[in-house]
Amino acid sequence: MGLGYLLKRLAIMVPVFFLVVTMVFFMIRFAPGGPFDGEKAVSPEILRNLNEKYHLNDPLLVQFGNYLKDLVRGDLGPSFKYANRTVNELIADSLPVSLELGVTALIWALLIGLVAGGLASMKPNTVWDYVPMSFSILGICLPTFVIGPLLVLVFGIWLEWLPVAGWDAPEDRILPSLTLGFAYAAFISRLTRGGLMEIRSQDFIRTARAKGLSEARILIVHSLRGGLLPVVSYLGPALAGIISGALVTETIFNIPGLGRFFIQSAVNRDYTVVMGTALLYFTLIFVCNFFVDIMYALLDPRVKYE
Amino acid sequence: MKLLSRSVFFAAALSLSLLSGCTCSRDAELAPGELYMGNGAEPKDLDPHITTGIPEHHIQQNIFEALVSVDPKTLAPVPGVAESWTLAKDGRTYTFKLRADAKWSNGDPVVAQDFVYAWTRLLKPETASEYAYQGYYIVGGKDYNTGKSKEPKLGVEAVDDRTLKVTLVNPTPFFLGLLYHHSLYPVHRKTIEAHGAKWTRPENIVTNGAFRVSRWETNKIITLVPNEHYWDRANVKLKAVHFLPIENLDTEEKMFRSGKLHVTNEVPLEKLPSWQKDTTGVYQSAPYLGTYFYWINTKKKPLDDKRVRKALNLAFDREQLVKHVTKGGQLPGNVFVPPGTGGLQVKPMLPTDLSRVAEAKKLLAEAGYPDGKGMPPLEILYNTHEGHKKIAEALQQMWKTNLGVNVTLFNQEWKVYLDSMRQMQFHLGRQGWIGDYNDPNTFLDLLVSDNGNNRSGFKSAKYDALIEQAGKEHNAAKRLAIFQQAEEMLADELPVIPMYIYTRNYLKRNDVKGWYPNVQDFHPLKYVYIEEEVKK
Amino acid sequence: MSSAVVVAEKGNSLWDDAVARLKKNRLAVFSLCLLAFELVICLLTPWIAPYGFEVQDLNNTLSGPSAAHWFGTDALGRDLFTRVLYGGRISIMVGLLASGVSVIVGVIYGAVAGFVGGKLDNLMMRAVDVLYALPFIFLVIILMVYFGRNIVLMFIALGLTQWLTMARITRGQVISLRQKEFVDAAHTMGVTGGTIVRRHLIPNALGPVIVYLTLTIPTVVLEEAFLSFLGLGVQAPMASWGTLIKDGVDVMEIAPWLLLFPAATLSLTLFCLNFLGDGLRDALDPKGAKD
């Protein structure tokens, strides 16, 4: 893998990006309902004024052309829902919050997940396996919308140790990041265990064991690299998802992050925000998967890209 | 190797930060004299001509002052920017005298021209105000807004800096009550011209109310502080007001319980019963100017038959519905206009005893569906929401038990639902209607043939004539009699089935004083203060 | 050496071995029995449920577990036990079918991309990136507009999101496997590409796939509750485990049983699925046999 591969990969992003823009742009227009529908319907004259103001009366292709023109200049347009803010501003305000929440949650998830999964794989079918894996199953069955309120109830209301919501003080970060990280930790621990078990039965590990190396040493020196492939595959989309998909955590803890825009903008038919978030998400996915593919090559020297 | 040791290091660092976090005191002491309020959704904007929502209005009513305001205890008109006003004999021409000391938050005086500018802006097609129709009562308003006349020839005139003359199309008895609706607030011309759509940003905005905006962080907080130039500044007691956008009701309730809020916006449905039992007095429940009802699509079989509609209306128990399903102390919706709206107390027309059900069965049999046999399937359409779902489920059961009618439920995502309703692709569909002003017209006007919100397919020249007549009637008692007649027509024709009359349920700490319950949920914060001693 | 041995063996012996090994794993067998039992109960629900799933008793709402109502009653006085039984029918079907769709599509797609590699791999994976980026809500809404609300659509919608990660995981495994000796050996022996993928790469990549599958099932079961939000999925008053859990969260403090029982039932099912999944993984491991 060399510089050529890197450049090729980046070059392909341009047409793919354009494809995403086109698909999302037209897709969202085919959904019923528009940005100005509400409990009280506006009269046709007023609706015409609104559409005129936001240029929604233009032919769709003209609108698409204008959108592209703005996009090239890095302008994602005004929000329909948040009338005095632009999509660029909404993203600029909320992305740092989401990054902080997401990265903290991912650290929790990796810490818990790798340790639990590693432990379980070293002594399969013993207590060391069952206990962490049971927690992992619980973590999957109790999704964020259960774990979050539960943690708030226990630590915020009953024990009164931590704030129930908000995003100001450092201690405000603890419960949300744990909540968000929990589900990912569960996934990672399962994948880690599975991957490590797989690799441990392979010849070179057996050779190592025959040489009398300790299990811990085998785990760290030999199996982690290859055994983590599934985890790494999962991490790409997971990282993008954890940054953008924290809607539930954000609403439970009232965090001014980006995740809520993904669902809210769709529900509001706030076309420009939908576009902005979809493009951002695509970029995140693209970049994350790119790093994942590089990680493959680093973890497993036999993997080559041409 | 490296990977693991680094992980261990991180674990140690994180657990340290965890521990230090725990030592912090939890009960975040709120700054004294500052009010913290839960406020539902993040505001769309603060521009009074652009917004449509209630959270926005909560803020706007404190940063803008209307020409005429209302008393929070009685909802009677009281002087705002205007210190006095007169109504000419024709009932259509108001002359307002503005107070001399009314000022914008930048120190500019508030003058009659500001209102002319604001109302012209409201009606200007390019503003694209969704509430522009609030200006249609003014002469020339509708023509200008709908593009019939290019130039604003409006019945609004600044006779001098302190005199504003307004000419209305019809005598509109509720006009003074309209004035404190956000769409008719004054706005500051220079600020708007200088900043365009961004004039409502905290660094730009100029307002004329008791408070001004000092901070606005999207999805986090809006902070108001007293407007030093406000004419009644001496009586404004709060040092600051913080509006927190909290969409999750459960989160809001928990924040209230942990002492982070003085007042909540709502109470989660499931928590209502336990808060109602609470004896500390924080639970607030006040009637609200709104009706929850089902549209009946009168164009669809078998609902095109009046007898079927009547049977459905008769054959469920509204008392059970409010007691066991909505649980918030709502009034059973025996009539369409909330009792007391603009002085109207509609005489109930529904029998309250069980004879109702027998009558319903009889009607259904007459329509050709004895015990629901042979009845085409009906469907209740609602937008996804726990409360709507529960009501629909309860109705389904009641209709099944009482009439033998099979009804299915269908929920749709919000905008898809609105689209289905608009295209009349439903049998029964839910709607909540909150009055824009305290007058029966805001409800009964909904069923006029050409009302864009009329989803029932109900068109009656007689009904339209009644509503038009009420719009021109000077005499208050005669007007109410006309509305009574209109309501009786609805009870006979049944394009809508009223379910319940709204209540506003929220939590308010006992140290918040100067806050009065009223049907419009109007709580001007210039009267509100926090009693320091009563803490805990 | 062992991998070469596998190549030499007949195709079906892998499965024979697997069944024998699975039988020895008591936990997995027990889980399998429990799951079978659950499946039977769910099939028989209309005949054995004590109440109707929609029957309300407004005078007996939110009552705790009792002899009459084993799991208590909900906010409209409906029997939770009955609703959990009916919910199981939906959720188990959703879990199996939707994750089935995601496995079939994801594994084949990922295996082909990983095995062929080069330009095709790049193209296929970028397509996956694009699909990730499409806003899911609109996808579902538009599907509903054009195809109406039917149950098949629900599986498609759920499977659509889940197969993407599955494809990436399979591809990752295959890329790593195809460089290995036994694949080279197969190549040298003149085995065709399709056979290599089918015989060697997919079975060897199956471990992580099974693990991810056991993770997918609960994910789709819970995601179904989100589809209900969009009007696809089960319609009230019918409920699934996902919607029951979602409703249960709201009353966590007032009526904890409404959260506890559906969540516990789902968790139990998941425990069984996981142990079974692990058992299968161990049993299918082509190398494990020679330990």
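Going in written order, the chains are labelled A, B and C, and every chain counts its residues from 1.
Please note the rule applied: contacts are C-beta pairs under 8 Å (C-beta built on N, C-alpha and C of every residue); 3 or more make two chains touch, one makes a residue touch a chain.
Keep in mind the model is a prediction, meaning the values are calculated, not measured.
Q: Counting C-beta pairs in contact, which comes out ahead: B-C or A-B?
A: A-B
Q: So which chain ends up in the middle if you average the CA atoms?
A: Going by the distance between chain centres and the overall C-alpha centre, it is A.
Q: Please report how many Å separate the Cα centroid of chain A from that of chain C, as a whole number.
A: So the centre of chain A lies 21 Å away from the centre of chain C.
Q: Determine the centre-to-centre distance between chain A and chain B, using the mean Cα coordinates as centres, and give it in whole Å.
A: 37
Q: Starting from the mean Cα coordinates of chain B and chain C, work out the distance between those two points in Å.
A: Computed value for the inter-centroid distance: 45 Å.
Q: Taking each residue of chain C in turn, which ones touch at least two of the other chains?
A: Expected reply: 137, 141, 145, 253.
Q: If a residue has to touch 2 or more other chains to count, which residues of chain A qualify?
A: Answer for chain A, listing residues that touch two or more other chains: 31-32, 149, 153, 267.
Q: Considering chain B alone, which of its residues make contact with at least two other chains?
A: 250, 413, 416, in rising order.
Q: Taking the complex as given, what residues does chain A use to touch chain C?
A: 8-9, 12, 16, 19-20, 23-24, 27-28, 30-32, 125, 133-134, 137-138, 140-143, 145-146, 149-150, 153, 186-187, 190-191, 193-195, 197-198, 201-203, 226, 229-230, 232-234, 236-237, 240, 262-263, 266-267, 274, 277-279, 281-282, 285-286, 289, 292, 296, 300, 302-304, 306
Q: Going by the contact rule at the top, pick out the chain B residues touching chain A in the complex.
A: 1, 3-4, 7, 10-11, 14, 17-18, 20-22, 24, 26-28, 42, 44-47, 50-52, 125-130, 132-133, 145-147, 197-201, 217-220, 244-248, 250-251, 254-255, 257-258, 260, 413-416, 418-420, 422, 431-433, 452-453
Q: Would you pull the chain B residues touching chain C in the complex into a rising list?
A: Result: residues 250, 268-271, 273-274, 320, 323-325, 384, 386, 389-390, 392-394, 396-397, 408-413, 416 of chain B touch chain C.
Q: Flag every residue of chain C that touches chain A in the complex, lowest number first.
A: 1-2, 27, 117-118, 122, 125-126, 129-130, 132-135, 137-139, 141-142, 145, 164-165, 168-169, 171-173, 175-176, 179-180, 207-208, 210-212, 214-215, 218-219, 222, 245-246, 249, 252-253, 259, 263, 266-267, 270-271, 274, 281-282, 285, 287-288, 291
Q: Quick one: in the complex, what on chain C touches chain B?
A: Against chain B, chain C makes touches at 54-56, 58-59, 61, 75-77, 137, 141, 144-145, 149, 228-231, 235-237, 247, 250-251, 253-254.
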